[in-house]
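Chain naming follows the written order as A, B, C, D, E, F and G, and within any one chain the residues start at number 1.
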Amino acid sequence: MDEVILRFLWIYTWFVLIATIGLGLYGIAVKPNMLKKIISLTILGDTANVFMIYVGYRAVYPIKPPVLWTMNPSKEVLENFASQITDPVPPALVITAIVINMAITILITFLAIQAYRLYGTLDSRKISKLRG
Amino acid sequence: MFRYLTIGLFAFTIYILFSGSITLYDILTGLIVSAIASVILAKTLVKEDSKVIDIRRLFWLIAYILHYMTIIELRAHLDVAKRIINPRMPINPGIVRVPYKTKTDYATVLVSNSITNTPGTVVVDLDEDKKILYVHWINVKAIEPDKTYEYISKTFEKYAKKIFD
Amino acid sequence: MEVILAIAFYIGLALVVIGAISDLIGALGMLRFPNFYVRLHAATIGAIGGAVYPLIGVALMSPSLTSLGTYRWYLMGASLVTALFIAMAAPTGSHALARAAHRAKVVEVYPKVVDHLEEDGK
Amino acid sequence: MIPILHLSLISIVLTLGMVFAYLAISERDLLKAIVYSAGQAAMYVIAFYLLMAPDIVLAYAAVGVGVYSAVMIIAVKKTERYEKP
Amino acid sequence: MSKKNLVITSITLTSIVLGLIISLGVLGPIPLTSIRPLGLFYALFMANRNITIEVFPLIVNPGNFWAASTEAITAILWDYRGLDTLFETSVFFFAIIGSIALFRFTEKEEHEIRKKTHENHASEGKYLGLSLITKTITKIILFTIIVVSAAIALHGQLTPGGGFQGGSAFAVAPLLAIAALSRFYLDDIGFKKNTMLLLRTMGLLIIALLAIIPVVAGIGSWQAYIMQNQPKEWAIIQLFPPKGLGVLLGSLVYYNIAELLAVGAGFTIIFILLSIPEEFYKKIIEKEGVEHG
Amino acid sequence: MVDPVHHLIGLTPPITVALAFALPLLSLIVKSRRFAEVYGVSATAIAAILTAIAFYYVYLVKSPVVYTFGAWPPPVGIVYEVDKFNGLLGLVVGVVFLLVAVYSIEYLKHRSGIEWYYTLLIGMEAGMLGVLYTGDVFNLFVMLEVTSVTAYGLVAFYRSRKESIEAALKYAIVGSVATTIYFIALAIIYGSYATLNMAQIAFKTMSKVDYFFYLIGGDRLWITYTPMIAVGGAAALALALWAFSVKAAIFPNHFWLPDAHPAAPSPISAILSGLLVKVGVYAIARFLYTLFHAAQPEVLVDSALKYVVEATLYALIVLGALSALIAGILMVAQSDIKRLIAYSTIMHIGYIAMGLGLATKLGLEAAIYHTINHAVAKALLFLAAGAFIHVVGTRNIDELSGVGRLMPITTLTFIIAAFSLVGLPPFNGFVSKYLLYMAFIEKGWAPLTAIIVISSSFALIAYVKIIYGVWLKAPVKELKGIKDPSPIITIPLLILAFACVFLGIASPYILDKVITPSVVDLAYNPLNYVSEALKILTQALGG
Amino acid sequence: MTLEEIARSVIMIIMPIFIVAFVLYAIRAIRGPTIPDIVLAIDALSFDVAAFMIILAIYFSSPFLIPGAIVLAVWAYALDIFVAKYYEKKEIGE
C-alpha cells in the first residue's frame, strides 16, 4: 500500500511540474502583453529549476541537506552522512540557473520599458504593426 | 562618536547571534562588518549621542518586552480569537482618532507598532502635525479621543516615554 | 542548570503549540472576515501569535537539543533574529498596506461604525 | 510513512504553485498577476525547502519573491497596468 | 482564434507526452533511494583529508580531492565547478552593462536631474517616502539586513549560503531604501551609480584574479591550474591556507566576499537605474531621436 | 609537468572575460573615447593570438587537449576539451572578432556609450570561445547564456530606434525560452546519465559499463547500463536539439533572425550572422556526432536510441531543405539590404543542416567547410553593406543606386562576398557547395541537389539586383562627397576578401590538411575523445 | 524519552495544523478579491512559513535549513512596501 501511494505521489508531482511548464509556454506563446510574457518566462524558468531539484531528491528517511556538521569527520560520521543526504549537484546547477534567469529577466524588463517609451504600448501585436 | 560605537555593538551582536558561534574568524569578520555597517548607517539612525549611553532605558525596554509579550498580547489574542471562532460574536469595526504625546520618532514608532501588533487594533495612518494616530479598531468601544487613548495606547505610551524620550 | 534548561524547553514547546493554534485561528479569520481592514487583525494573529511566539519558543528549546552539537546556538540565534525581525516588519507591513489601500481607495471600509480618517479628509 | 508525508506535502505545495501560476497567466490586471506570481514563488520556496535545498531557498526567496516582483511592479508603474484583450 | 487553439492543443499534447516519457521512462516510476555517485563524491570528499569509505574503494589519496569546506554546494559552486560560477556572475555583469547601455546618460544630464529634484524632495534628513513608521522601521531593517547578509556570505563554506545568496539578501537594502525612503537616501549614504559600478567591477576583477593567480604563481613549474584551491599531488601550488582562525578557509571565503560585493553592488545599480523618473528619459530619447534619426 | 600551452588554452575564455570586466572600471578612470577603442582592439587581439596558439597546437602537436580547471579530473570538475574541430572554429571566431573590433572604431564614431559596446563585444567573444572549447554540457549552457545576454544587449544598442528594441525584445524572449528548454534537457541528462561531462556521456552511449564511475567507485546502478538511460538520452537529445535549432535559426525556429540581425549595428550583424548562429550549429554537431555517435550508429549500445538519432538526422535534412527554400524565396522580395542578407543566413544554415543530416564523411566535410566559408563571407558581406550604410546613410537598396563607382573597394569586396555566397568559382562558397552536391549524389539522393541549385539561383537574383543597382543605375540621391571610407574600415574588408579568395583557391590543400582531420576528430574518433579524459582521471586517482 | 524525541513527536502532531493553515491562507490569496487582500495573505503566509521552516529544522534535526527563513520574511515585507508604494506615489523613486 505504502509503495503504491509513494509511486502515485511521485508520478503525480512530475505531472504537476510538466503541466506548469506547459502553462509557462502557453503564456509566452499566446499572451500578447510583453510583461505578461516576462511573467510567464519567470514561471517557466522557476518550474524548470524545481524540476532539476526534484531529479536530485531521494525518498529515504532521515533526509538532510548536503552540509556536514563537523570539520573533522570520522569514518562513521561520513557513512552516516552518505546515507542521509540529497544530491548536491542539482542545487549547485540551479543556483547558477537562478542567477542567469534573473539576469536575463531583468534585461528583458529593461527592454520592455524602453519599448514602451518608444511605442507607447506593450502589446506585441501593436508593436509589430507600428514598427514600420 | 558614541552613536558609532553603540550601533557597531548592536551590529556585532546581531552578527554573532546569526552566526551562532564564537571562533576567531567570527569575531574578526564580525568586527569588520559591524564597523562598515555603523560607518555607513549610524549617522542616519541616531541623532542625539547622549541618549544612547543611558543604561536605564535598556532596562525599561526589557521590562516592556516582558510585560507586552506575556500579558497584553495574550489578552488581545484571546479576544480576537473568540471573534473568529464564534460566528455570533459581533464585530463592529471603525477607524478612530487616538492622540499621542511622544516626542521622538522612535517613541512614536514604538507606540504605533505596539498598537498594530496587538490584535484588534491596526494603525492605518498618522498625522505628524496634529499628533493623531488613526486606528482601525475591530470593536469600537468609544470614539472620543480621551477614551480611545485610555483604551488603546496608554500603557504603551508610558513605556515609550521612558525608553526613548 | 539542567532543570532551568528543561523548564525553558517545556515553555518553548508550549509556545510552539500556541503558535500552531494561533496560526490556524489566524488563517480561519483571514477566510471568514468580510473585509480587508478586518482581515488585518487576523493577519496580526498569524504573524505575532503564529510566527513570533513559536520562534521564541524554538529559541528557548534549542539549548536542550544536544544532538545538534554546537549548531544549536546557530538555531537559537537565527530564530531570535528572525523573531525580532518579524516583530518589527509585520506591523509595519500591515500599516503600510492599510494606509496605501485607504489613500488609493482600492478597498471600501465596510462594515464600519465610524471612519474618522475619511472625515479628516485624508 | 514518513517519505509519504513528505512527498504529499511537496505535491500539495506544487499543486498550489500551479494554481497560482495559472492565475498569474490568466489574470488581465498585471499588478494582480505579479502578486500571484509572487505567491507562486512563495510556494516554490516551501517546495525547495522540503526538497532539502537550503541554499536554493536563500537565493530563490530573494529572487523569486522579491526581485522579480519589485522589478515588475516598477515596470508596471512606468508603463501600463491593464492587459488589453 | 484557431491559431490560439492550435497552440493550446500542441502544448497540451507535448506536455502529456513529455510527462509520460519522463515520469515513466526516464526517471523511473518509483522515487530513487540511492544517490548518484558524482554527488556522493562531492559530498564526501569536500571535508575530509584522510579517510576513504567503502563506496569509493579505489581512491588512493583522498586528500587530493579536498575542497576545505563543509558545505557541498558552495564547494561545488566555487571549487569543483568554479568556472560555471565565474561565467554565471559574468552573465549578470553583462545584463547590467546591457541595462546601463540601454538607459545611458551623460554626466551633465545626470547632474541636471540631481540638482533639479534633490532640492525639492530631500532636505536635512527628511525624505518624502512613505509614512513615518515605515521610514523609521525601514532604516532599522536596512541595518539589520546588511549585517545578516554579510553573515550569510561569510559563512558560505560552513553553513548554507555564499556570495550570491548573501548578495541577493543584501539587495533588499537599496530596494527598501528606494521604496520606503527615497532614492536620495541612497545618495546620502553614498550608494551612487558610479560608486556601485566601481565596486561591481572590483568584485569581479578580484574573482578573476583569484582564478588566474595560481597559474601565475606556478609559472616555471606549471604545476598549478586555473581556479585551484587546495594543493593536489599533481598540482602542488598552495596559495590559500585550508584552515585558520578556527574554521575552514580555503579560497572559497575570498570568492564569497568578492561575490557579495559584486552581487550587492549589481542589484543596487539596477534599482538605481529603475528609480530614475520617466520624464528624464523621455527627454533624452527625444533629443537622441532627433540627432540620429 | 603540463605543457604550458595547455594553460594558455584554458586561460583563453577566462582572460577574455576578465578583460571585459576591467573595461568599465578603467573607463570610469580614463574618460576617453580613444582609450575604450584601443582597449577593445587589443583585448580582441589577445584573444585572437590565444586562439591561434590553440589551433596550431591541436593540429600540429596533440589532439584533443584536455585542460582541467582547478586540477579536478573530468567527471569531477569542468574540463575544456579542444580537438581539431573546435580548435578550427575557435580560430575563425578570434580572427573575425579582431577585424570587427577594428571596423567598429570608425563605424560607431558618432555614437555615445562606446565603452559599454566594447565591454559587451569582448564578453561575447569570451562566451563564444567558451561554448566552443568546453567539454561539459552544463558549462555549455552557461556560456551559451553569456553569448546570448551580450547579443541581446548589442542588438538593442541603437536604443532610440524602434525596430532594434522590438527585435531585441523578441530575440531575448525566444532565446531565453530555448535555453530554458535546454536546461530541462540537462535535468534529464543528469537524471539518467548521472554526469555532465561530455566524454563520459559519449562513453555511456556506447558501452554497457561506465568505466569513469567504476574508477571513482560508486553504486552499481550507475555503473551498468539500463534501458531507462536510453529513453532519457533520447528525450534529452530531442529537447537539446530543439533548443539549439532556435539558436541556429533552422526552420521553423528561424522567425526571430530576420528582425534581430538587421536591427543591430552592422559589425554586430556580421558577428551574429557569421558566428553566433554557428555556435548553435556547433552544439548540434557536438551533441549528435560526439555524444550520440550519429556517424556510426552501430556503436550505440541501445537500439531505441539508434532510431531516435536516425530520425533526428532525417528531420535535420528536411528542415534544412525547407529553410533553404523558404529563405531563398523571401530573399528576392526584400528591399532592405541588411534584411536581405539576414535571410541569406537562414538559407546557408539550411545547407549546413542538410550536410549535418547526411552523416557521411563527405557531408560532414561539406557542412564544416561551409560553416567556415559562410562565417568569412557573411561577415564580409555585412561589413561591406555596413560601409555603404555608413557612408550613404540609408539601408534601402533603391537609394543606394550608383554609389558603387564612387566606392570601388567596398563594392569590390561586396561583389566577392556575394559571389562566394552564391557559389561561383573560384571563391570559397563554390567549393563547399560542390562538396555538398557530391555528398548527396554519393548517398544516392540526387533529387535533393535541386534544392541547392534552386535556392542558390534565388540568391543570385537577389544579389545581382543589388550589384546592378549599386554599380550601374543612375543615382536617386545627391552623391556629393561620397568616397571609400577610411582605411580602418577598408582594411578589414580587404583582409576578409582575401580570405574568401584564398579559401577558394587553396581548397584542396585546406580540405586535406584541416577539414578532414577535424571531421575525423568530431565524428569518427569517439574513443580518442573519451580516452584522453579517462587518462587524466586515472592519473589523478593515482592508479 | 529524551527531550528531543518529545519535541519531535509534538511537532509531528502539530505539523498538520500548520499545513491546514497554509492551505487556508493560500485559498484567501487565490480568492482575493482585491490586491491588498492577496498581498496580505501572501505576507502572512510567508511569515508563517518562516516560522514553520525553523520548527521543521528541529523535526529534521538539521539546523542548516533555517537561514532561509529571515530572507523569506524580509522579502515578503519588501513586497508589502512595494505594493504600498505603487498605490501611494506617482514615481517609485520619490
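Just so it is clear, a residue touches a chain if its C-beta (ideal position, glycine included) is under 8 Å from a C-beta of that chain, and two chains touch if they have at least 3 such contacts.
Just so it is clear, the structure is predicted and the values come from calculations on it, not from any experiment.
K.L.:
By label order, what chains touch chain A and chain E together?
P.N.:
C, D, F, G
K.L.:
From chain D, which chain is the farthest off, judged by mean CA positions?
P.N.:
That would be chain F.
K.L.:
Of all chains present, which has the mean Cα position farthest from that of chain A?
P.N.:
Looking at centroid distances, B is the chain farthest away.
K.L.:
When I count C-beta pairs in contact, which pair ends up with more: E-F or B-C?
P.N.:
E-F
K.L.:
Could you give the separation in Å between the centres of chain C and chain G, each centre being the mean of its C-alpha atoms?
P.N.:
10
K.L.:
Using mean CA coordinates as chain centres, what's the chain A-chain C distance in Å?
P.N.:
The separation of the two C-alpha centroids amounts to 30 Å.
K.L.:
When the centre of a chain is set as the mean of its C-alpha atoms, what distance in Å lies between chain B and chain D?
P.N.:
One centre to the other, that is 31 Å.
K.L.:
At least two partner chains per residue is the criterion; list those residues in chain F.
P.N.:
In chain F, 138, 142, 145, 149, 152-153, 156, 159-160, 188, 190-191 touch at least two other chains.
K.L.:
List, in ascending order, every residue of chain B touching at least 2 other chains.
P.N.:
14, 18-19, 112-113, 123, 125
K.L.:
Where in chain D do residues touch two or more other chains at once?
P.N.:
3, 7, 52, 54-55, 57-59, 62-63, 66-67, 70-71, 74, 76, 78 - these are the residues of chain D that touch more than one other chain.
K.L.:
List the residues on chain E that touch chain C in their complex, please.
P.N.:
So the residues of chain E touching chain C come out as 130-131, 133-134, 137-138, 140-141, 144, 148, 159, 180.
K.L.:
In the complex formed with chain G, which residues of chain E make contact?
P.N.:
Residues in contact with chain G: 121, 128-130, 134, 138, 141, 145, 148, 152, 159-161, 165, 169, 172, 175-176, 178-180, 182-183, 274-278.
K.L.:
Show me the residue ranges of chain B that touch chain C in the complex, using the header's touch definition.
P.N.:
The contact residues of chain B facing chain C are 14, 16-21, 69, 73, 77, 80-81, 83-85, 87, 91-97, 112-113, 116-125, 127, 134, 136, 138, 140, 143.
K.L.:
Provide the residue numbers of chain E that touch chain F in the complex, in ascending order.
P.N.:
18, 21-22, 25-28, 34-38, 40-42, 55-61, 64-65, 79-84, 86-88, 90-91, 93-95, 97-98, 100-102, 104, 106, 194, 197-198, 201-202, 204-205, 208-209, 211-212, 215, 221-229, 232-235, 285, 288-289, 292
K.L.:
Within the complex, which stretch of chain F touches chain A?
P.N.:
Interface residues on the chain F side: 138, 141-142, 145, 148-149, 152-153, 156, 159-160, 162-163, 165-166, 168-169, 172-173, 176-177, 179-180, 183-184, 186-188, 190-191, 196.
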